[in-house]
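Naming follows writing order (A, B and C), and every chain is counted from residue 1.
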Amino acid sequence: MSLADFFSMGGYGFYVWGAYLVTAVAIVMEVVAVRARLKNARHFADSGQEAQ
Amino acid sequence: MNTSSINWFRFASPASFFPLARRLVPWFGIPAALLAVGGLYLGLVVAPTDAQQGDAYRIIFLHVPAAWMSMFIYVVMAFWSVITLMFNARLAAMMVQSLAPTGALFTFLALWTGSLWGRPAWGTYWAWDARMTSELILLFLYFGYLALRGAIVDSRRADRASAVLVLVGVINVPIIYFSVRWWNTLHQGASVSLTSAPKMAAVMLSAMLIVALAAWLYSIAISLARVQAIILERERGTGWAEALAGAVR
Amino acid sequence: MTEATLQPPLADDSAWRGVAWALARDLKLALRSRAELGVQLLFYVIVVTLFPLGIGPEPGPLRTVGPGVLWVAALLASLLALPRLFSVDFADGTLEQIALSPYPLAAIVSGKILAHWLATGAPLVVLSPLLALQFGLDGREMTVLAVGLLIGTPTLSLLGAIGAALTLGVRAGGALLALLILPLYVPVLIFGAGAVESLRAGLAPGGELSILAAALLVSIVGAPFACATAVRIALD
């Protein structure tokens, strides 16, 4: 499959990449959010204050 | 106690589970990433184009694993909910808490990818078929759990109330699915069967199973990470929590 | 403090007496706020009336959606009355005392749920044929609808009570209750409205009505215990 074929996905590119992109974004967002939450929780547990 | 057997109850307290969770995350996260890349490569590049659905069918490599995980996670939440109620165990409730957002996310992804698959394959973004409708109701069940947890201030009460909710929900999921399927066949005219997946060549099936395995490992990794945050949030003010947080730096 | 008998007679602790005591007490209380009952019934009528106003007066579409509309409105009306099942007693500490009584809490809860259904669900069943006229349902369809509601609304009360207990004293409890319970109501809705659909398709509605009856039996057995558990969780 050529690169052009890969992107167009037989003309269904909108649907296929619409699905894959949103999935990728969702997973990345979840990982980022959990890491931020953990960092936040560590910071506040360490200092004994209320976590935000 | 037999000294050669592992005393699993040693890890039953949030304090002792925390370091274990921390160590385990990469053991699940890295294989998950590798399998995901491998499986998707198989699915997007190696697997042949489908005769009927063209390349649009490739969404299946996301849709089916997401749907499987959305249901599997709910069942695991139900398991931990039983433990919560039987042993009044804080950590079990924290596991339920850490799984729910991921389960909801997979449910949403199953619906999203299913909708985008439906349009090219069957002409419509949303058909009220049994599986998609049940999946939508499952999303409401996840939201219900998250909303109840958020609304109850006392975390111990929230643990047990939301455990009851998950158990009532898990009993109802097969009932809901059965009734929606019945409803779908009754109104035959409007129904479109989204269950007719293309006949799977071996490569396609392998790719799907590999991505499914990756999704499962990912779920474990992300919820082990989240539970660490939950443990620290809920146990703050205790000496060990400060020590743990400090040791992590 | 409510005026109705607060403390159950302590001599006997059988479950049936618990049911009877709770039933009598809650019915007495419900009858005292007749206006409130009237409002809930009126809510049902208004919601049902809104649909033709939204859809248009064509008899065809109305006939098609009629059973579904009447059932959905029944679901919503059931939700309306549920928060008050426990909240009044919870607020003034009566619920705690009731939980400490020698009667099994599941029995007390069953009595309360039965009273709730008699006060809110049963009138709905009686009213439904009248409202079905608005949608052009014929006599047989009306009957199947009413029988379905008769079997189904107690199930709604039983399931809804679990939600009411889980959300006791919680902010925005009413909306949260709806979110928690409506997914569980879906099978009842499907088979209740589906019974009328089956009749229209020329089949006997017995299958759907049997399933509704089975759901009711399972709920009668299971829901009071789940509900009692939830009440204890809320009281701790």
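Remarks
The working rule: contacts are C-beta pairs under 8 Å (C-beta built on N, C-alpha and C of every residue); 3 or more make two chains touch, one makes a residue touch a chain.
These numbers were taken from a predicted model, which means no experiment stands behind them.
At the centre of the protein atoms shown, by the Cα-centroid criterion, sits B. No other two chains have as many C-beta pairs in contact as A-B. Each chain gets one centre point, the mean of its Cα atoms, and the points for chain A and chain B are 16 Å apart.
Measuring from the averaged C-alpha position of chain A to that of chain C gives a distance of 43 Å. Averaging Cα coordinates per chain places chain B and chain C 33 Å apart.
By the touch criterion stated above, chain B contacts chain A in their complex at residues 44-45, 49, 54-56, 58-59, 62-63, 66, 101-102, 105, 108-109, 112-113, 116-117, 119-120, 218, 222, 225-226, 228-230, 232-233, 235-237, 241-242, 244-246, 248-249. Those residues of chain A whose C-beta lies close enough to touch chain B in the complex are 1, 6, 9-12, 15-16, 18-20, 22-23, 26-27, 30-31, 34-35, 37-38, 40-51. Looking at the complex, you find that chain B touches chain C at residues 85, 137, 140-141, 143-144, 147-148, 151-152, 156-157, 160-161, 164-165, 168-169, 172, 175-176, 178-180, 182-183, 186-187.
On the side of chain C, the complex with chain B involves touching residues 162, 166-167, 170-173, 176, 179-180, 182-184, 186-187, 190-191, 194, 197-198, 201, 226, 229-230, 233-234, 236.
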